[in-house]
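Right, I'll just put the structure down here and ask away after.
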Amino acid sequence: MSRWYWTGLGLAAMGCVLIPGFFAPEHLSPSDLSMAYSSPGAAPPFGTDSMGRPLLEYALQGSRVIALPSIVAGLVVMFFAVIGGLIACTGSHRLEAITRAFGELLGALPRMVVVLIVALLMPPEDRSLYPIAISWALLAAPGAMDEASAVAARLGGARFVEALRAHGFSRFRIYLWHIVGLNLRPVVARQGMETLMQVVFLEIALSYLALQDTQPSFTHGDSEMSWADLLYMGYQAFLEVPTWHAMQLGIGLVALVALATVCVGRAVRPR
Amino acid sequence: MMQNHKLLLSLSVVVGTLALSTGSTLNFYEESLPSSMNPMFAQSMVDNRVHELVFDRLYYFDPITNELTSRVVERWELADGGKAVKLFVKKGIRWQDGEALGADDVCFTINAMLDEGTPSPIAEKQRAVFSGCEVESKDTAVVQFTQIFHNPLNQLGFYVLPEHKFESTAIQPDDAFSNRPEGTGAYSGSMGRRGVTFGAKKNAHHEPRIGQLSLQEGGDPLVQVRTLLNNGVQGIVAVPPPYRADVSASDELSLKSYDLRSWWFVAVNQDKPYLKDKRVRQALNLILDRTDLREKSIGVKPGEQNSPCEFISGPFVQTSPYYNRSIDVQPRSDLEQAFVLLEQAGLTQTGGRWHYKGQPITLRIGMKAPLNNEAPDLLSQIGNQLSAGGFDRQEFRITVDDWNRQVLTGEAEDYDMVVGKWSFGLVEDVNPLFHTRNGGRGALNIFNYTNPQVDALLAQYQSAKTDTQARDAYHKLHEKLDDELPYLFLWKLDTKSAWRTEVRGNTIAPYYYWTAVDNWKYSP
Amino acid sequence: MNSWWIRPLVRLVAAALLPVAVPGILTALIWALPGDPASIICPPAICGGTEELAEKWNLHQGPWHFFSTWMKAALSGDLGNSWRMQPGVPVVELIAESVPWTAALVTMAFIPLVLGATGAASRWLSDKLDPLIRLVGLTPSVVLALLAAAAVTIHYGANAYDDDAMRVKILLGALTLGLADAALSGAVTGVRGLMEEERKQRYVQIAILRGESVLSNTLPNVLPAIAGQMRARLLHLLSGAVIVEVVIRIDGLGDLLWQGTLTQDFGVVLASAFAFAILSAVLLLGQALVEIGVALHVRRSPKGVPA
Amino acid sequence: MLLLALSCTGAEDAENTPATEAVPSALIEDSWMLQVAQPGKLDEVLAQKAWGEVFERRYSGAAMTFGTESARGHAEAAAIYRQAALLQANAILSTFASDQRRDTDPAQVIYLVGVASVITGDLDTAKASLGQGGEQVGDADAAWAQVLTAETFSLRDAPPLFSLGEVAAGGTPNAELDPTYRLPEAESGLVVEVADPTLTLQLAFWHEDAARAAGGEPWLDAWLAPWRLPLESVDAEATEQPLDALFLGVWTGTADLDFVNALATDGDAALDAYAATSPYAAIVKACAADEVDLDCLLDQSVALGAQLEAAMETAYGSQHADHRTFASFARAGVLRAGARLCDARGEERVAAILRLNARDRGTGPATDPKFQLALAAWDASNRNALRSTELFHPNRASVDGLDVVQVSLDTFSLRVGRETGAGLPQ
């Protein structure tokens, strides 16, 4: 299928996931017990919870929780990937060694351990996904830098730059356009998108764990709902509570994020 | 739902093929995990119930006949003209580690309570009762009181601690004893990550019939009830009202009364400038629509007969002699009157939101997290009502740990309001809740509320010589608090347990719950 | 090739640094937090004065003293006591009861990854399956874990901690960990990519013409990269174990860290992060040794070196 | 409307069919549960609106609505006031009896001790206490002392201290009466409010007479016998109980009530006498022929409930939410019958355990205020202030004028609570 098809599909999926967050209500609507556990048919589009509040609001608030932090995390990883690629083109072994050492140290610990330690230090009033998302991005950066530098190395690294210089291109144009724009783009975009997806999943995971232990979430205030609330509600369907529609919505949103990642990956793949 | 059942079935089949039969331990869900297994540092009813399993109170009331009796004292006699009692400790009783129980343990416990180095509000209370204790012989202790009591044995309802487990009488809460206690009770307890396991301990004075009990933290009440129906657990200590019908509808389960006086409140932080003026607190009290809250979070239908949830207007349940029945409850909201009060207090309403000195007010409301199981969604319902009353709000679920460390210690100044619950037995001493914090008094004063008139009334209660003096002091206190509103009083919620019918002889003692655990039987 | 030693050296240095750096950073953080560290263990309002408390918990002489004595004790097997989760209880007991569960979980989850990687390397596993494996890999571990948790809850309820239940939970947890978050797909596609790339090398074609086996030629060259892949996968599993253990309620190391985090129990967090640091260091060490071994092997015999 | 209300109360349970029958099916054929389970019968019974009030345990209202159509409302009130008077009496004795009295208590409380002793059947203490009450209680005290001088005394001879008005079927007694005294406390001079149980006692008699006027004469004595007070002449001759005496009550049929009454007079002999006619007797005999087997009684009471549900389903033609509600009366009833046997045998503790279980079984529409007040009265006699107040409170609106009982319970709770050791809110 054409690159444009994947691009369109990816952007559409991303849009569906992230943009609605900007229109999320600050608090859930007042409850209406007469509408409790309504199916999507009875209370379009997604049905209601045990208090008769629309699951749409859960989805919107969840989207708001993840939207900006996950985008920021993606951008951080993209930035580091670009740096990694460019360093590989400088031909400086020392710089490469330093970068690698930094990467080894940073990448050596299981990410969740670091994330939990970051969460541990956050005071309840400053609960937000940002610090966790950025830590995750920093931990993902070494991998992205490695891959980008490998791509740059395949290009020929410093020799590639020299060759283009010989053609009279400015360093600025070579680095920004020929290396980043034309060659690093696929790996940088994919890494960024994968990190975005991982941050979304991370938020769901952390919120779900907190919900399960009736603890406040590390990633958002208690007035807000996360997509994990949908999954937790949906989980009760296994205990004969009529929340199957919540499970479907939760899984659907997760699938949408995954779809967006796959599509973007396909869209930017090298020719 | 069909898909749901199919998936449920297939999952169970997968698990079933991997699994063998399950154990026969008696599992039950508690409201939360205990915060400490050292009776000196009990901070919740969960703690109290756990202590009843692991330790012995010197004297206790029989849960059936209410006879005041003891498992550890052979006999007693009055001494020092009635200002002391001589206790003869039963021989042959052993601590769970094998050491013998003696008079020295009884005196150690009293001396530990009298030691100022023991930072325990419970001990602080006992200091007004006991003046000392002397070990006369291995099995004889003389307990001295600060005054002559008409029924002195009634004062001896404290748990006995093992002297050999502590270095000094200054007992600290951060000691390993709080998780791995040694008692003389029917069960030894060991706190794990998600629960507490209790192993039966046969003793000269205990013969438990159930080999092992396992306490687990009950999460979502619906999941608790379903698990109970599936025989995944055998009991739930507190079943929220909305789920009691499900329990009654099954012959495999029985709903058991648990006599306890619990009332719910919203404490208001008067150190916040916009909450200092009592008219603002009165307005908040008028904004709350308790009938609506009760319907949505407790599931009480309007006009329901004998509701398990009864509104209160002061710090006592309506069955209490201290409840001042001349003070009316506030079942419905009255926004009009509330707004008048807010304007009188100098607040201004702009764009539908209340402002104080030009700044919009955002109320930070916290609630003890496990309460959400008993009254689902209460926090956001209160938030909705305050929002309808013109206040922005932020909601916070407070963990049990933070509740004990911050809220109960008066360190939760970040919050404007916190939603909580207090439980009482026969003794309804509310002095620790409302007295100014000083010299050990007001130990549970959440927002460090201070009011000289209230302190005076509490002092009157404390020094009351007759029942009537005590009652009058608390009736006046009720009236004063209804005007001052350091708390917005919500309701009394009765407590019911649910047990599977395979559990036999399960008499539930008022307040202490497990007093008759020796008679409990379980044959799966 | 003249700087072949840089990578293993860096890994060795990292492996040596990690177990010291992690407790060091955490100790610094304890003092960086507002308020007296002793008051984190027990607020003055509950425990009275904090001086005795600070001394009792060895917090009275500043971060360096705390860190150095903690490290000294840790090397002799004493990881201190829990601060808040189970105050006063030796953390080493909690770690000791946790490690076997995490080890069992990660090992069982690692088996399908090794099989998948071997299958991909030997072309036994067809690349036609890749899309399917990728699709499964897109599922977040929390989603699979909650399905497993539901199954366990329905079947066992509160008996979910007896031996049978734990066995089932480990199996379901390993399945979750092995499949979710692209664990298997990463191992399969990663190794396949490496091998296919190497197979295209000219020296391999020549070796084939010489009648030599492909694997004996390619393996020395791809082994370091495969070792890297496997270390990354193991780290990934260790990381995912936190989620799986908490959701399915397995009393492992990840769950211990989670509980410690929830209760702000630095005693537990310090020790469990230290344990994770040691595990990571061991993995780094392993990879470095493989790299060194291969480098020396390649130097000893020219066979398999690209022409 | 009641049908609707009933429908809302119970949930259908598919697992009700008993594995084995608790009793031969012939024993439950005439039970009120099966009578009302006949198609159309329930609607016919519910045509009387007063059943809605009986269902909601508002018996004063029910008595008025029934008027002369049924004595059930007055009968329930007569039983409830009796147990309320006993509760008051025990609360008074647990507060002011000679072994509990404080020097600071008002001297006049001795009068209350006297009246309470009469109600609890302790005539010696009553005679020793009455006639020395002094100011404020003087007239009442003298009146009581006077009636006790007679050679034979029955509780019915209690002095008419309060004029309740003429007895009339469907009528209500004078509500403007205040039985409380505000007595000065020694030292503090504060006011101690106490309540005279004589009014509650008179109300019991008034409603008994009203029940007779409403046509309850043929069945009332047997119906009321289990709830009579010690010094009442019990005439519990077995008589056929009509449906309106049994419907929404704990006895499945006349035989159960006769069995329970016979237990009080004949003891164990009643087991053999009624095992063939009363389902309760059959079960109690099977489970308690020698020693009371609690587990057996608990199991069999559940089995009987399930058997009744199954039989109602067969009679009605399908399951109905009300069937479980109706059967729950029997689930509690068996235990209460067992408790009566224990009373006869003097096994007070076992009786109490059975009653506590019956309390838990008898919830919602199956709650029986007279039973709960009786249990509260027993608790008050044991100085159990917590449980007795918790038992009384939900039933305070079952008949008019019960608030006066709260006055006695307050002084009792205060006394017991204040002498209990230090406690902290949790």
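Per-chain residue numbering starts at 1, and chain names A, B, C and D are given in the order in which the chains are listed.
In this text, a contact is a pair of C-beta atoms (placed from the backbone, for glycine too) under 8 Å apart; a residue touches a chain by one contact, two chains touch by 3 or more.
Not measured: the values here are computed from a predicted model.
Enquirer: So which chains count as neighbours of both subunit B and subunit C?
Expert: A chain counts here if it touches both subunit B and subunit C, which gives A.
Enquirer: Taking a step as a move to a touching chain, how many steps at least join subunit A to subunit C?
Expert: Shortest path length, in steps: 1.
Enquirer: For this structure, which two chains have more C-beta pairs in contact than any other pair?
Expert: Chains joined by the most C-beta contact pairs: B-D.
Enquirer: Just the number, please: Cα centre separation of subunit A and subunit B in whole Å.
Expert: 43
Enquirer: So how far apart, in whole Å, are subunit A and subunit D when each is placed at the average of its C-alpha atoms?
Expert: The mean C-alpha positions of subunit A and subunit D differ by 68 Å.
Enquirer: Nearest whole angstrom, what separates the Cα centre of subunit B from the Cα centre of subunit D?
Expert: That pair's centroid distance is 32 Å.
Enquirer: Do you know which subunit B residues sit against two or more other chains?
Expert: Correct list: 8, 11, 223, 227, 399.
Enquirer: In subunit C, what residues contact two or more other chains?
Expert: Residues 150-151, 153-154, 262, 264.
Enquirer: Two or more other chains in contact with one residue: find those residues in subunit A.
Expert: 212-213, 215, 238-239
Enquirer: Dump the list of chain pairs that touch, please.
Expert: Listed in label order, the chain pairs in contact are A-B, A-C, B-C, B-D.
Enquirer: Would you mind writing out the residues of subunit A in touch with subunit B in their complex?
Expert: Those in contact with subunit B are residues 27-28, 30-31, 33, 50-51, 124-125, 212-216, 221-223, 236-242, 244.
Enquirer: Using the touch rule from the top, collect the residues of subunit B that touch subunit C in their complex.
Expert: Residues in contact with subunit C: 8, 11-12, 14-16, 18-23, 25, 27-29, 41, 117, 119, 172-180, 191-195, 214, 216, 223, 227-228, 230-233, 399, 401, 404-406, 409-411.
Enquirer: In the complex, go through subunit B and note every residue touching subunit A.
Expert: That would be residues 1, 3-4, 7-8, 11, 217, 219-220, 222-223, 226-227, 295-296, 369-370, 372-373, 376-377, 379-381, 383-384, 387-388, 393-399, 402, 414 of subunit B.
Enquirer: With touch defined as at the start, can you tell me which subunit A residues reach subunit C in the complex?
Expert: 93, 97, 100-101, 104-105, 107-113, 116-117, 119-121, 143, 201, 204-205, 208-209, 212-213, 215, 228, 231-232, 235, 238-239, 251, 254-255, 258, 261-262
Enquirer: Which positions of subunit C touch subunit A when the two form their complex?
Expert: 3, 6-7, 10-11, 13-15, 17-18, 21-22, 26, 29, 33, 134, 138-143, 146, 149-151, 153-154, 181, 232, 235-236, 238-243, 246-247, 254, 257-258, 260-262, 264, 269, 272-273, 276-277, 280-281, 283-284
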